[in-house]
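In what comes next, chain A is part of two complexes: it sits with chain B in the first one and with chain C in the second one.
Let's look at the complex of A and B:
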């Protein structure tokens, strides 16, 4: 009765299993059916609506392909990069910078706040306030400080990422049962060893879950920040296309942004499954 | 280790521990407890919940500090946890993020034992507790009883001379509990009487104490109220518990736990530890 069930021993290792599951999730026939249905409804609607209101799916995809490497019209509108690719890279760079900086600060602050009451007492009110105010309303203020360059959009996203990862890291560390640390101490672990072998591995799955959420939000926030004031980026493209009343261009740009976010999230999900293969929640 | 230290493996001298309750009131969890435990002794700590037995164990482990008094292990006063004192917790303490074998190796790894050597030691003890076939499994794939086996293998692999067990089998079913008791006794007894490790085992199960212990310490409201020798021969069977001596001890224990009428009022044992 205390012996392990035979299937535990013979089934493939969890990492293989989770890899297969992620693939399946992407190729799930039901999900594909949902996408097909959406495109069908869209196509039917275009029969009754003029292209200036609702472009056809095919037109949007063709536009995306055409504009991806070269869209001379954009330079005419004052966008630095005259193609979608360059603007996507600009946005993606900003998201990457902001997520890296924001998560390092957020995770460290969150873990420290869970360990030391005084740090928590100092940081919590700030984070709680920042968490309740929609961070986007700080955009005009940041524009005053940093102008329309990279810095203001990146700052906005950094704030957002810090708040999310602070909360996730803090919760992960607070929920960690003290018995693990006590056990490690009785086995002879040093304080540094406890951080390396207990605190970090135990909180990684939950923190990576927060990172995925922050990443998803960061794309949107970065695009909106660019929309409000920027020289380049997906948001800037959307802004000028909206000014030019070009729904097809807008939808092509949105489609590209969405696809980029999906690919990045799939990579992040894969990383979570790999790093946290011990945890039932990660499978 | 010289023999003088060995005969007094754990010395607990006038130990007190007070806690402040949420309402501000001070509570004495352990009240002036003094006791000496010999090397190789299997000692069970018994008492109603809240009697201070777990607090005392945590102080011996070095996870809690006495408010007053001192504890020495192998002749040296302790401060903080040390690897000569291994602990098995009531809750599952096996690290879910390490594979079973890495858990068993963890203490050795902390001490810097080379990888090949510690793997061999860990394998040996995993085999002994009957888990040689799941060394690569993740803890979540194991049952509660198996996790306790891993925890036991871990403290034995770490080579601790003193084992502290805090109601380790309390949450297990009857059959599993008995299996684990014999796993523990086999490991404890494997090198013969001379190689036995010193065990402090907290339990609320009177029969468990009677079948495991050489000596039973009874606690009540933070006081050490009785110190009973259990002399029945090992290995003990169901019949051992029916021996007249054992039945007499059981009656005493039940009286201490308030389940039978006391023959005489509580007396606080004043052990000669301080002398």
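Let's look at the complex of A and C:
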């Protein structure tokens, strides 16, 4: 017996025409027009405001292109890597480490809490409280305890990723209709078999969705953690540029951070759709 | 059965918090390193509620018959209490005004953009991009634009909340079942009536999570605004305490924050649950 509908097996692979249609749907002309409009409004605003307040969109893009590989001015302010590229890599590494560690802890805790009431009763209040603490309250403690460096920024992001994935994993496992596990048990499945064949396939799609949300937020948190105290990274660059009253540089850096987050999110969305093919939610 | 579970869980959470408090106390006794002379890295409760609380009177500006420490008066409990209260009021006031302005603006813009499928598509990408930008990393930009005055702080909070409410509104309107709208249209409803009687009530259940989300962003934003330049508020105290490595004061303010944020989440949760009493449970997300 198979759960896959027969037409899925016989469906032809997407033709060139349908691929072109998908591409057109992604590059919706109206959406592109929205971006153009946004840039136009920005451009019009710059006409009335001095460049020190609002730089022109062109200037910001040119600045980003120029500073990406080499920005010697940054080294005068004490940033280790005198280019945006190196700092972006530093930030991305920290985000990756934090998301991996945080998601392992968060998913395990969430799944356990969904199956054992006593664990849930113990962890829930801690997570609920931890989730409400604004990051800027937690950050100074980590900076003093762990010092200025990679560890405190990564800890801060791990803390946040754990809370999000705990909630997502718990919800995914709680919402799973008990009928699946019951009938598997009736048919003689072992606990390990239930985890492998029921719990994981059923919860992975929702957990991956949570992972995407955590990943999207992690960029901003990492940046702010670096802004408060670090030797390199995008946040450090922002701090330095803010000190130098350089809105063009700030906006160029923010633009790069936003673009990086969008690209990573798109890759993650693709990977999620690939990994959780069986799920309706990921389509 | 269920009530006994709730009862048991409540006792467990009380026990968890008491255990955490005890662990903190033990840590403070075991790990006695000091950030600087007289300032323990981990301050025990006996320090927090005496020395630390008294030290809060340093932040009292004077008034109500209680002189400021800066004017030569000794630290006193009334001054400490007044200092905590006045800085809390400043922070909460900024948050409240920002929430009101940002929430209203976000909702209005969101509804305007949702006017038709065309406008929604037109604003989709710029909106997505604005949402990607890390809010707290934009503090320097707002500081540059609006200075460190009250207006800049409130605008920053309002922007942070507005973007979330805006995106939430657009998303919620998109999920309103088309059949509701078609039905009202075929009965001759105008756009205005449609918005007032169909769309607004229909999006409200979905907006609940948006409101809770924006509350969290609001607390972060108000701290972010105070971090970089405000002359009052709880964030201001944290910044000054950090500069002198007064960890006990930072911990005291952090505890205050936990209390405030928990109360605000609880209040908004209760309030929205009451407003949503009419909605079917499956819609109350």
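We take it that the second predicted complex is superposed on the first by the 255 of 283 C-alpha atoms of A that agree within 3 Å, B and C clash if a C-alpha of one lies under 4 Å from a C-alpha of the other, contacts with A are read in each partner's own complex, and residues count from 1 in each chain.
In this section, contacts are C-beta pairs under 8 Å (C-beta built on N, C-alpha and C of every residue); 3 or more make two chains touch, one makes a residue touch a chain.
Since we're looking at a predicted model, the values are computed, not measured.
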| item | value |
| --- | --- |
| Chain A residues touched by each partner, larger count belonging to chain B or chain C | C |
| Which superposed partner A:138 touches (first chain B, second chain C, both, neither) | second |
| Partner chain(s) touched by A:125 [first = chain B, second = chain C, both, neither] | second |
| Which superposed partner A:191 touches (first chain B, second chain C, both, neither) | neither |
| Partner chain in contact with A:48 - chain B first, chain C second, else both or neither | neither |
| Partner chain(s) touched by A:201 [first = chain B, second = chain C, both, neither] | first |
| First, second, both or neither for A:38, with chain B first and chain C second | second |
| First (chain B), second (chain C), both or neither touched by A:182 | first |
| Contact footprint of chain C on chain A as seen in their complex | 28, 30-35, 37-38, 53, 117-118, 120-122, 124-126, 129, 131-138, 140-141, 143-145, 216, 219-221, 223-224, 227, 234-235, 238-239, 241-242, 245, 247, 250-251, 254, 257-258, 261-262, 265 |
| Footprint of chain B on chain A - complex, ascending | 1-4, 8-9, 14, 177, 179-180, 182-190, 193, 197-198, 201-202, 204, 276-280 |
| Complex contact set, residues of chain C against chain A | 5, 8-9, 12-13, 16-17, 20, 35, 41, 118, 121-126, 128-129, 132-138, 140-141, 143-145, 216, 219-220, 223-224, 227, 235, 238, 242, 245, 247, 250-251, 253-254, 257-258, 261-262, 265 |
| Chain B residues within the chain A interface of the complex | 61-63, 80-83, 85-87, 89, 91-93, 95-99, 106-107, 110-111, 130, 133-134, 137-143, 145-146, 149, 154-155, 158, 164, 175-176, 179 |
